[in-house]
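Residue numbering begins at 1 within each chain, and the chains themselves are lettered A, B, C and D in the order written.
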């Protein structure tokens, strides 16, 4: 699996959007959100997306499937700062037999802040690769 | 269990010391280490202490005992900043049948920065309280 | 300043409540929320409280006042887990000339999970103690 | 600027190596290190590299240059777990007029765990792009 897409900067290209507010604890001494803190925001939006399509992540976990992260890519276009209200736009970008990619666009009041991609594989709780659930292959 | 001790600000009162360096990711927009980030530093020192007394935390976990945190208390006396080399002094402050307390003193070049206490209980992986390992009751 | 109150476990004793959902990134290998992650949740609720009483934290910062944390105390009564919807109940617990305390009660569906206190001092951006804003002394 | 290199999985291809130990606070409920936690490890190694070449990051900051992160890419090849002793191998992978890339290889006892790239730009404390310090262009 290779990360292949360059995510769109147009929110209209995304199927789902999740809103959150930047915590003070997410900032760093440069006065902006630390670059490592975008991944948990994208994860929160991914979890909200799965809930939205009727498959809460905890349910998937209860059925014996973990979705671990194989790759992640981020482009920081303009810093997020404390108290920003962020729209994390989410897309299911590619689905294969045992893995899928999701694309992200983070905006504040419509202004682009960051784009990202995560690639995921389905694994058993013991960490062995397994097939993706059928609904995920059919969700699009 | 109640947190009862006011930890000493004299490093000589501590049995063990662990050194670490402040990460940039631990700072916040006030330019200092975020107050939530002291707890992982204290945890890192606690884990180093357990290794030092011959009982690495992972070994304890492998034997079916988790040591969850029941209480935590912190006094921030002077901020830590990026790149500070911190001595985390550690003490086993109180040991009872199913719980124990640890005291902490954080210094930079001998100067006091923070004190803290954590109280822990022994639990099974399912989260049920269990007796402390005998060595912990005997360690002092 | 000393932390003095034992926060109530009755949500009715709190003036304000802020709801959030536990992120997967906040869990640890014990399968529960890491004990250091409660402080950012309490901070998020504190920031929401300040917004609620008409004084957003960023506005306070823009007026040249930082509210640093002097002490923090937490009692973990029952673990939070991934995806829990948490009500963080907040109280302004004590106000003095240059410092104040806040009390917290974290519940999930009405069930008590944790209580906490934070003590704060007003400081200038250079870190010098300064008087609390008048509105904060009058807010109760 | 585009992230272009695929970092080598051979430690011999790296100019510098920094060792750290995985904290319990860095794990998640899958029992492995959370994917967002690799970036602070890479940052810690980057800071150690800059110190190693005689230009501590705080000195660079004191001279009015921040090195913000423009892009980040990570490939998670095999999970890190609690207490792993990680060698973070670092390379200065590309240097241009106002930006540079660094490559990373994370190994545990010689075994590959992850690779990554970060791309950085030099900015003033106000966030305006500025030229890279001369020493950085000459360091290789």
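Quick note on the criterion: contacts are C-beta pairs under 8 Å (C-beta built on N, C-alpha and C of every residue); 3 or more make two chains touch, one makes a residue touch a chain.
A quick note: this is a predicted structure, and the numbers were derived from the prediction, not measured.
**Q** For the chain pairs A-B and A-C, which is connected through the larger number of C-beta pairs in contact?
**A** A-C
**Q** Note whether the interface between subunit B and subunit C is symmetric in residue numbering, meaning over half of all numbers used appear on both sides, and answer same or different.
**A** Subunit B and subunit C contact each other through largely matching residue numbers.
**Q** Of all the other chains, whose mean CA position lies farthest from subunit A?
**A** B
**Q** Rounded to the nearest whole Å, what is the centre-to-centre distance of subunit A and subunit B, using the mean of the C-alpha atoms as each centre?
**A** 34
**Q** Can you compute the centre-to-centre distance for subunit B and subunit C, using the mean CA position of each chain? Integer Å is fine.
**A** Measuring from centre to centre gives 22 Å for this pair.
**Q** Can you check how far apart subunit A and subunit C are, centre to centre, with Cα atoms defining each centre and the answer in Å?
**A** 28
**Q** What are the residue numbers in subunit C that touch two or more other chains?
**A** 24-25, 32, 36, 39-40, 43, 82
**Q** Would you tell me which residues of subunit D are touching subunit C in their complex?
**A** 24-25, 27-29, 31-32, 34, 36, 81-82
**Q** Under the definition above, what is the set of subunit B residues touching subunit D in their complex?
**A** It comes out as residues 21, 23-25, 39-40, 43-44, 47, 56-58, 82-83.
**Q** Write out the stretch or stretches of subunit D touching subunit A in their complex.
**A** Listed in rising order, the residues are 3, 30, 32, 35-37, 39-40, 43, 66, 68-76, 79, 127.
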